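Everything below concerns the one structure shown next.
The letters A, B, C, D and E name the chains in turn, as written, and every chain counts its residues from 1.
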């Protein structure tokens, strides 16, 4: 992991005030397509503090991936701004370590070379990164498939490869779009724990989209619940459970209650539309 | 093309459209040129547009050649007649192509080596040390050697450059000093441009090189199976060329009208230059001499330009020329 | 309207710049007219000496369109057949290459002997020119069909023809259009070459005559017409492509 | 070894069938030698009258390879530049089309005047022939890059060059090879045409000479050599493609 | 839905004995790739009775999707056979209504046209199918997106479109590969209920891959637990709960116990490797 690689502009603003690692401020976005116009985001705001683990939960099609595209600079918001460490980075690319919803692996690269891609992009020596990537792949249960091409990997294996690729990205803020959706329950739990371990070790800020309320509660400091399209933040939930959190937490009444609360909140939201 | 649509025919020739009411049979005839239309062909256009062919019961279509395909076209009977040249007929016949020359369009060889006057090439020995632009044929080198030998010069001192599609005027602008041209067209154009050139006619050096170019050809089949047609065609064609000989200006106008894309000025000047040369010293237009055929064929054979000697009596015939003396 | 203009001005400006540079070069290096006429000279000649040019142009255009349509159809059908029968593909590919390597000087006499002096030999020449890029591009495009979509299609029990028409063909369309654009570019020159092998009409015929009459300016008038016709063909193909491949060309609002 | 044979026999059989049909046609329709020689006749002539043919072949091969390499490089670089600068692309596309529509008969004199009679004008002719299919296919391929991969690449902060070299180029490789295969097919004819505009060596020169000597059989020997060279070029490209695009060509064990 | 369209060969064999709608018998499959060989399925057998709802649960990369490819005739097993209604259909295509793990929508077709594809393939009149498809799309929360192209749909919307496409397929046996993995909890529940309703109405046989143990238990008559690669069936669980099953079932001890049992079984399996 290369958590000590500094991103230009990341430090200078931080001195001024204890600003947030990532802030989306009043983001509004519509898609126009011939006659129809779809308003997707409607003044959405959220913040991720430095070293914080935040999750987003929201109905399918509400605009979560679109928000990530805006944060990543791929799309320009119609209104609002993205700030990192206090400076405006709206429309700037390459500021986040991003895991897309679809794996988007390059079919002409082996799994290992796909994992190495971010290192190549930041111009770092490939040889040393290769060993690191091998270790990561082994940890993710992919050993033996280093030289397999993506289309010979199973869906879940592709997703894990994409996850590793994101881990290899040097940026301070990680944005994960449903990173474990294609994994079986146990592999998923395993990956969650691993992610938590890594996060606790280096405290990169994380923003994760998930459909799994348990997952969100288990991993996050704060959970944002998104409304239906056009989306804004419906609720911001500070998760009160102490860390490190164990599997046992899943069965505690407080946990179950919070889970139920989020579930109900979303049910109401979905009913509305 | 001038469609002499008038008469009824059981259309034995290709694609005959029949209409009209004249009594005689009309035969469709294709003549294929050797190159784009020029003053070498005036007699054909005159015979067509003055109605000489129609008088003979022929409906003549003049066709532009494909990429060097005239001889094959005529030999295979796709075209009834065509324009070729003696060198071609000679080579073709020794390869078994059944072409027969039936008239010499121009009595003497009007081609030769030309150079802009500033290159100072006045005689064959001046070729030494100069660059020649040709098309890389062994015949060229042999001809050049022949005439340089006569002047006691060394052909190996001429730099031979294959200039492919480029024309004389372009070629002499760069690298090239002299090239082989037909005076009637290129030389006259040079006069018109005011770019004087020195001309060394090959015929002036050797009897053997005073060969016929161009000639009218047909194939052996046609001669054997339809001599009447050949006769009719030749008698009208001869009238056409006689018209061109006697009335150069009108003939030039005829050609310009038939092929309006041509440059009128060049056509007229060229025609005036060429008209007296069609028949020249011959008894009648089109006459061919056996010695001319033999001389040239022998010359070629000696220089290994032919695989085997030419049986010249089959290569040409004067039998179809009108008013045999 | 605005959009249309936005698409049109860059090439117009580029062409004008090109013509300007040409004119300047002719002027500055004193290039003589009969080597390379200036654009102004060409325009003057085109304006004055019409001389049946519209007729020639029309003849060539008709020949081009006919030949292009037949050529691309042949190319497409060959691609279709060879794609459906992969065994045949490896077998016949070399013959396709052969077809592109018989020079006109050898081909022309044969064509004329077999097919006479009509349209047919000329159309065969254009067809030979046009079919090849279309066939290669279409075959390659067809062979590159997305694997997951193909898997779905096969497991859904689609027949060979359904797989072709509903999956492989739409998937190969962009590639096919690459080939069509190349073929369209060549088609007019194909027609001109066709006319050279024997014709009494058309721009090719006109060009030959002017060439042998040393009228370089008129040769260039003919070239300009060839170029314009060719741009017309390419433009038509591009338009058709925009029509047919709308799902691909949609503005994605991706800021670079 | 087995595999290799499996790839080789279908084209060999097809070519043999083709030659057989040709021989039979010549025999049955009594086609005379000077119209269309039989394959046997051509083979006989090729075997007997060597006449410097290896030398000519070598000259043409060298010219072809040089021209092909330069032509494809130019095509690729043009595609690269126009892809990187989309504004330039719409502007210059028409000029690319123009470049394909200047016939050799007009071009040859100009090339000669500007560049003399050396290798240069010939290489320019092959370049003009080869660059275009490569440029069109490469540009189209580059423009069709997968959207989700592109999104990832951009959000990862890849620079313009990185995006090109790591995503767009590999993605466009199959399409580029379509263009290369077309260009390879044309390259030898390009060299022959180049030799026609002025040369004293090479298959093109030889062909012209034999043509004017009415040696149809030798003209066809030359054509056979052109075809073989061209097949060699296409074969090289196909080999290179198999090398470079292994991820695509892998046997997928999909039963049809 | 066109559940009353008969598939050729489906009936004749059924008369002989009460045979199963789908039977995989001793399926073995390896992938060879240059030097390496991966053995994926090792004598796997399972059956789906007519009108039965069966689920498969198994670790990521164990060979579930591969099994579906074999059932669908796309791949030939190295050993074993696929039978439907008693007749051998190994390697035959077009016998199942299949939903792939990746949506695999055709990008040049609108969402609606993608849904209509199976109808076109079976040569049925398109016009009438169009109304049916519109109703399905509305039910799946996709109204308004009928004319959207797939790449303007969110991940979950694409998955729902692919699901609808499968519903439009006329075959008697449905094979669903993680049909709801990209959906949020509520949309997922909604889709599950809808699927159950439809299944109860027409009793097509269903074989579903899922990573969601709850989902499997809630929907299925029988759950197959797959082992790690090379995979066989580890356990066949007949789900004892009466139908119709409600949301409340999720909190019943018997349900929780069964869920825990499966979870433990898989954990042991994963540990082994």
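Keep in mind that, in the parts below, a residue touches a chain if its C-beta (ideal position, glycine included) is under 8 Å from a C-beta of that chain, and two chains touch if they have at least 3 such contacts.
Quick caveat: nothing in here was measured; it's all calculated off a predicted structure.
Student: If each step moves to a chain the current one touches, what is the fewest number of steps from chain A to chain B?
Tutor: 2
Student: Comparing the two chain pairs, does A-D have more C-beta contacts than B-C, or is it the other way round?
Tutor: Here the pair linked by more C-beta pairs in contact is B-C.
Student: With chain centres taken as the means of their Cα atoms, state the distance from chain A to chain C in Å.
Tutor: That pair's centroid distance is 50 Å.
Student: Provide the C-alpha centroid distance between chain B and chain E, rounded to the nearest whole angstrom.
Tutor: Chain centres of chain B and chain E, defined by C-alpha means, are spaced 84 Å apart.
Student: Could you put a whole-Å number on the gap between the CA centroids of chain A and chain E?
Tutor: 29
Student: Hey, what residues on chain E touch two or more of the other chains?
Tutor: Counting only residues that touch two or more other chains, chain E contributes 31, 33, 74, 102.
Student: Where in chain C do residues touch two or more of the other chains?
Tutor: 35, 105, 109, 113, 147-148, 151, 154, 208, 211, 248, 250, 254
Student: Can you list every residue of chain B that touches 2 or more other chains, as numbers and ranges?
Tutor: Within chain B, residues 68, 72, 76, 167, 170, 173 contact more than one other chain.
Student: Looking at the complex, which residues from chain B come into contact with chain D?
Tutor: For this pair, the touching residues of chain B are 68, 71-72, 75-76, 88, 91-92, 95-97, 135-138, 160-167, 170-171, 173-175.
Student: What residues of chain A sit close enough to touch chain D in their complex?
Tutor: Where chain A meets chain D, its residues are 69, 72-74, 93-96, 98, 100, 102, 104, 106-109, 117-118, 120-121, 149, 169, 171.
Student: Can you tell me which positions in chain B touch chain C when the two form their complex?
Tutor: Interface residues on chain B, with respect to chain C: 1, 14-15, 30, 35-38, 63-69, 72-73, 76, 78, 167, 169-170, 173, 185, 189, 259-263, 266.
Student: Enumerate the contact residues on chain A facing chain E in the complex.
Tutor: Contact set of chain A toward chain E: 31, 33, 36, 38, 57-66, 101-102, 141, 144, 147-148, 152-157, 160, 178, 181-188, 190, 211-213, 263, 266-267, 270.
Student: Could you please specify the touching residues of chain C with respect to chain E in the complex?
Tutor: It comes out as residues 146, 148-149, 151-152, 154-158, 162, 166-167, 170-171, 173, 245, 247-248, 250.
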